[in-house]
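These notes are about the structure you will find just below.
Chain IDs A, B, C, D, E, F and G follow the sequence of writing; residue 1 opens each chain.
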Amino acid sequence: MADRYSFSLTTFSPSGKLKQIEHALAAVKQGVTSLGIKATNGIVLATEKKSSSVLVNSEFIEKTVKITPDIGMTYAGMGPDFRVLTDKSRKVAHTRYKRIYNEDPPTKILVTDIARIMQEATQSAGVRPYGVSLLIGGHDDNNGFMLYQVDPSGSYFPWKATAIGKGSNAAKTFLEKRWNEELELEDAIHIALLTLKESIEGEMNGDTVEICIIGSQNDNLLGFEGAEGVSGPRFKKLSPQEINDRLDAL
Amino acid sequence: MADRYSFSLTTFSPSGKLKQIEHALAAVKQGVTSLGIKATNGIVLATEKKSSSVLVNSEFIEKTVKITPDIGMTYAGMGPDFRVLTDKSRKVAHTRYKRIYNEDPPTKILVTDIARIMQEATQSAGVRPYGVSLLIGGHDDNNGFMLYQVDPSGSYFPWKATAIGKGSNAAKTFLEKRWNEELELEDAIHIALLTLKESIEGEMNGDTVEICIIGSQNDNLLGFEGAEGVSGPRFKKLSPQEINDRLDAL
Amino acid sequence: MADRYSFSLTTFSPSGKLKQIEHALAAVKQGVTSLGIKATNGIVLATEKKSSSVLVNSEFIEKTVKITPDIGMTYAGMGPDFRVLTDKSRKVAHTRYKRIYNEDPPTKILVTDIARIMQEATQSAGVRPYGVSLLIGGHDDNNGFMLYQVDPSGSYFPWKATAIGKGSNAAKTFLEKRWNEELELEDAIHIALLTLKESIEGEMNGDTVEICIIGSQNDNLLGFEGAEGVSGPRFKKLSPQEINDRLDAL
Amino acid sequence: MADRYSFSLTTFSPSGKLKQIEHALAAVKQGVTSLGIKATNGIVLATEKKSSSVLVNSEFIEKTVKITPDIGMTYAGMGPDFRVLTDKSRKVAHTRYKRIYNEDPPTKILVTDIARIMQEATQSAGVRPYGVSLLIGGHDDNNGFMLYQVDPSGSYFPWKATAIGKGSNAAKTFLEKRWNEELELEDAIHIALLTLKESIEGEMNGDTVEICIIGSQNDNLLGFEGAEGVSGPRFKKLSPQEINDRLDAL
Amino acid sequence: MADRYSFSLTTFSPSGKLKQIEHALAAVKQGVTSLGIKATNGIVLATEKKSSSVLVNSEFIEKTVKITPDIGMTYAGMGPDFRVLTDKSRKVAHTRYKRIYNEDPPTKILVTDIARIMQEATQSAGVRPYGVSLLIGGHDDNNGFMLYQVDPSGSYFPWKATAIGKGSNAAKTFLEKRWNEELELEDAIHIALLTLKESIEGEMNGDTVEICIIGSQNDNLLGFEGAEGVSGPRFKKLSPQEINDRLDAL
Amino acid sequence: MADRYSFSLTTFSPSGKLKQIEHALAAVKQGVTSLGIKATNGIVLATEKKSSSVLVNSEFIEKTVKITPDIGMTYAGMGPDFRVLTDKSRKVAHTRYKRIYNEDPPTKILVTDIARIMQEATQSAGVRPYGVSLLIGGHDDNNGFMLYQVDPSGSYFPWKATAIGKGSNAAKTFLEKRWNEELELEDAIHIALLTLKESIEGEMNGDTVEICIIGSQNDNLLGFEGAEGVSGPRFKKLSPQEINDRLDAL
Amino acid sequence: MADRYSFSLTTFSPSGKLKQIEHALAAVKQGVTSLGIKATNGIVLATEKKSSSVLVNSEFIEKTVKITPDIGMTYAGMGPDFRVLTDKSRKVAHTRYKRIYNEDPPTKILVTDIARIMQEATQSAGVRPYGVSLLIGGHDDNNGFMLYQVDPSGSYFPWKATAIGKGSNAAKTFLEKRWNEELELEDAIHIALLTLKESIEGEMNGDTVEICIIGSQNDNLLGFEGAEGVSGPRFKKLSPQEINDRLDAL
């Protein structure tokens, strides 16, 4: 009988639960594993690219995205919902921050805005919650490198390392053992690959794993010399080759 | 059969109850304990920061917030709803008071506005009530230090000391025994820590407890000297170190 | 089976009843007792302030409110709904009368406007009726002192003396015996206290009872001398001390 | 099973009935009896003022209302709905007639407008029908004195004499026997009182019965002399004394 | 089980039926009989005026209406719906034709517009179909005299003679036997009365039957002489006396 | 149980069906047979005019309509829906084509627009699909004569010859045997009559069958001589006499 | 019982599924097979044209469409929904790209926009998901030739070769065996025809199969010489003859 409370988008069940949010979390749990690790000098976000067929042109699949030059995002759950949130995140970064202050939003402020968008979908009539959990990594001058997880309820927390999706429980246990305060970015990538290896089905290589990092400034991406006083983006996606090199080195 | 009255967002059951509000209170009862204590020279708001994992970066979690320089707020219940109410509280403080009178709203007026926002969610079609109870502490020249609790129904009351969330019943009994009219702010913090200790699971320290106070004016926060005739904010969040020091002194 | 007619906000049951209104009345019946008495030279409105805890700061609770300088209001039922109606009453007094005629509305006109607001909530789709009954006392030059009761249906009647809420039946019987045409305001306060005494649980004093009167003009509230030709408000709330004095004299 | 057709506000049952309208008529049937009689030189509208308590200040209750100087209205059924229709009737008399033609609407045109308002509530989604039947009496130069009854369906008919509410069946039978084409207004008042006497519970006097008449022009109500060419209103409410005098003469 | 398709206003049942329309037709079938006959030199529309009581002032009841000077309309079914359609018909005749072309719409164009209004009520969400069938008779220079029947579905057909309402089946059989191509208007009135006589309950006379005709131009209705080149309306309602005269001649 | 998917206007059943569309097709299947045949030099559209009574004035019934001078349309299913689509088709031909390009739309473009209108009624909330299938025949310079069938789903196909409505299956089989690439328009009319003869109930003549053709330009319809360079409409409705002549020649 | 989650357009089932999307996929699975193959120098999109009758004028059926000069699209599932998406795709290509940048959108950007439109239909209240899967092939300077499949959920992936609709499983297996990195466009067409042959029912020829290619620039389509610096469209539909020639060469 408790099931009947699942219908209405925004009502509480007698036990104070919002069932639709719990079901959305179930959608997240069906997604492939994604994880994020915060290191002293950067953040790594990693996720599995699961192809339903060898004919999928996996090199063009994009599961980690750049929101601002210094903030990246990945997800577990429903891909189309992730893309919608990607669009809205980029827009909100611009309209509610950059357009006003002429600089990109700090990680936490962007995360708050995205979380608000996701919360609204749990209280408004007629829309369902988003079927994704997000991992957002970024850097700003005040707080340095920060890693956040945002859930379908709009709830968010800062993490040292975390995992979402199908293999998240095992991955978190694994991460708890490996993570320490002195972790360097390269070590973090190393741990990310080891963690994914536990949960991935099929072969693991630069085509079936996607990794982005928020690290030091890539000034080389600013053109020949760049404008004075401007620094390059911290967001960088690892190429399949860079992933394979590291996998060989495991 | 009475359960069926839970569906409709805004209808009365035959006994004159609004069931959705009662279910929202159930959501509050599932939240970790928060409490507020009014002392002669200040207010203390304290809450537990429960982490689902050691990897959560708890130092960046924020469960007590500043609404105006002299008003702070914490909650029990659903975090995302609290954040939405935080945003709306800050906005309403500005648009319905400061923009008009060029000073921050007195505590009671702000509380009335927040309570109205919460009431509307219980009478309008298509939205659910907010799943939080709020503790709001503030200071204004007319009424001095005031502590309010606002519930999902939009009902609010002024308190000398109160608690909400999972351990609220025990905490209130505890507070009734300890509170007296001559309580100083430091004693109130002491009692707050003792009360939380009863209900907290796991270790209690500056990372797992969050405390803010509305006390004397922190003129040091006004810059080198501050503008003439301006006084600093009364809202102050205790650092983990400040909490640990007090815990050691228990 | 008749229960099913409770769902739809605005449909009639086959017997011609609007069930939601009856359920709203049930909500009123759960509220603490309030009463009003019309005397030859004034109106008294009295209500119980029931505290759930000794820690509630009852001196700041406000259950009788001033709508215009000469009109006061109290209620039985849901506090948050009362506050919403208080706001709307003050607004409607201004926008539909004072702004046009440059004087405050007579009691009956204000009552009609409030009753219309409450009726609309019983015929519009998607909103529930208000869960309060109101007692409104006021004075105007045409009709002198008038006391009205407005119910969730939007139905209103003028009364000589009436009571609403949990103990209203007993209170009305009591009032019928005591009321007479020559009653003076002080006697009315006396009767009000005696009536409340019948229904109140726990101790009765200036902290647990709230009383306001519409009496003679309080010119002293106009400042040093007041503007010429202006008279002070007739609305006056009794202080806890004033209540206690009268209780002692019972 | 037929009951289920009661839910939807605007659907037909298989037998071609609009159930909500029939239920609204049931609400009318629960109201106290009202009646109207057309005489050669006027109309009388009479209704019972039923008080739930001796403390009700019945002299201020108003169940017959003036819509234009020459048109009056009473009702059986839900009081708050009557008041809403009173407001709308006055407004429509002004906006759809007087504002355009600079004179008050003839009775039939006003009745048509009110009936349209009531019909709309039976076809629009989301609103319930009005829970009242109306008796409208008026005079205009074309048709002389006219008496109409309007039902919740928006259906209206002109009558020589009619009754609505709880005792309407008996009252109509009574009226059929007494009414004749030569009836004078004073006789009509006499018959009205006799008819009400049959259905009224409790004592019948100027406080428990309300009567208005549309008769000859009350030029005395125009001020000292009135503007030239202007005649006084035909609507007049009988005072309790005037009713008692007639009751004594029965 | 098929009954459940009755609820939704605009869905098809599996057999391709719109049940609400069929139920609206049932409402029509409960109305008293109305009929229309087209003659070589005019149209007659006739209907029964059924009074629930001898006190109904039947001379003021109006069941046949003039839409334009040359088009008349009657109905079977729900009176309030008929009045709404009368208003809309007059309005649409003006706004969609006369205002543009400065002459009244031909019968067929007006019928098309009315039928569209009735169709819309069968496809839009949230409104019920109209509970009436209409008989519309008119004259225009192109098509001469035309008689149309419009049903709740918005379906319309031109007829030589037709009947709607309770006795329509018998009436149609009767009309099929009597109608011929050479029928003159006076014969048509004669047949109309004979047909109604079959179905009417109670006495038949000028008070219980209403007849309008669209015949030759009544230039006498244009004032003393009328404007040059203008002809009088073809619509004419028979007086009770004119009906009684013809009844006597049956 | 599968039936329950019929309620919601726009949801898929588990088997991927939109039931409302299938039910709308059932409505089409209940309509009388209509057919269209494309010949080398024209299109013929033919349909039965079924009268419920001999009193129906069938000469004024119109089941084939002109949309533009060179495009005609007929239907099977619900007449009122057909008329609405006729209005919308004429409007869309003007607003989305003629107003822009100053010439009438080619057949296919008009068909696409009509099909879009019908598709929208299958995806929007709150409206039902149209209960008609359309046959649209037209001519334009690019594609010459074209015949399209549009179904309630908004699906359309070009046909050489097709039939819809009650007898469509038999009619299609018949047409498949008779149709060939060299068919002339007169032969097509001949075949159309033969096909209808199979399905028609009752007598077949110029009053019970309606036929329109899109053939050569009827320059005679342009007035005395017509404007230079302008050609007459290709749409022409056969008179009952023209139909009877051809029936005699069968 | 799980079936009941199918009703609400946008709610999650407890297992985290959006059932409406799965049902829409069922609609896709009922469509005839379509496939796309990416070659080194082009893309081929092929689909079956299934006619319900020999009288369908299949040469005018269009199941592959041009969106921009360099992007083509086909589908499996509901034809009317495909046409709506075709319209929206062309519009979005213009309004969100060409109007701004004065060049046609790259394939991926257009695909993202279309996928967003399809996602929205899965999260908004009151609309159903689109009942089609799309194959989109295009060319742009950055990524060269790209082939995408978009599903009703709004999910899209880049493919080397893929198939959708009734025979998609078998077709994909077939394609996996045949596809290789060096495939030339002509080989791809060859494979497309072989693959369709497996699933097609009835004869396969230029009338029952539709093929479009995105290949080299067809400068011949630019007019006599074209504007300087402008190149012809890459989209080209094969004529029935071109298809038959290739079928003969199989």
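Methods note: contacts are C-beta pairs under 8 Å (C-beta built on N, C-alpha and C of every residue); 3 or more make two chains touch, one makes a residue touch a chain.
Small disclaimer: the values here were computed from a predicted structure and weren't measured.
The minimum number of touch steps separating chain A from chain D is 3. For the pair chain A and chain C, the distance between mean C-alpha positions equals 56 Å. Our note on geometry: chain E versus chain F, Cα centroid distance of 31 Å, whole angstroms. With centres set at the average Cα position, the gap from chain B to chain F is 69 Å. In chain A, the residues that touch at least two other chains are 125-126.
In terms of which chains touch, the assembly is arranged as a closed ring, every chain touching its two neighbours and no others. Listing the residues of chain A that touch chain G in their complex gives 3, 6-7, 9, 19-20, 22-30, 51-58, 60-61, 78-81, 83-84, 87, 121, 125-129, 131. Of all residues in chain E, those touching chain F in their complex are 1, 4-5, 7-8, 10-18, 38, 108, 112, 115-116, 118-120, 122-126, 143, 146-147, 153-155, 157-162, 172, 175-176, 179.
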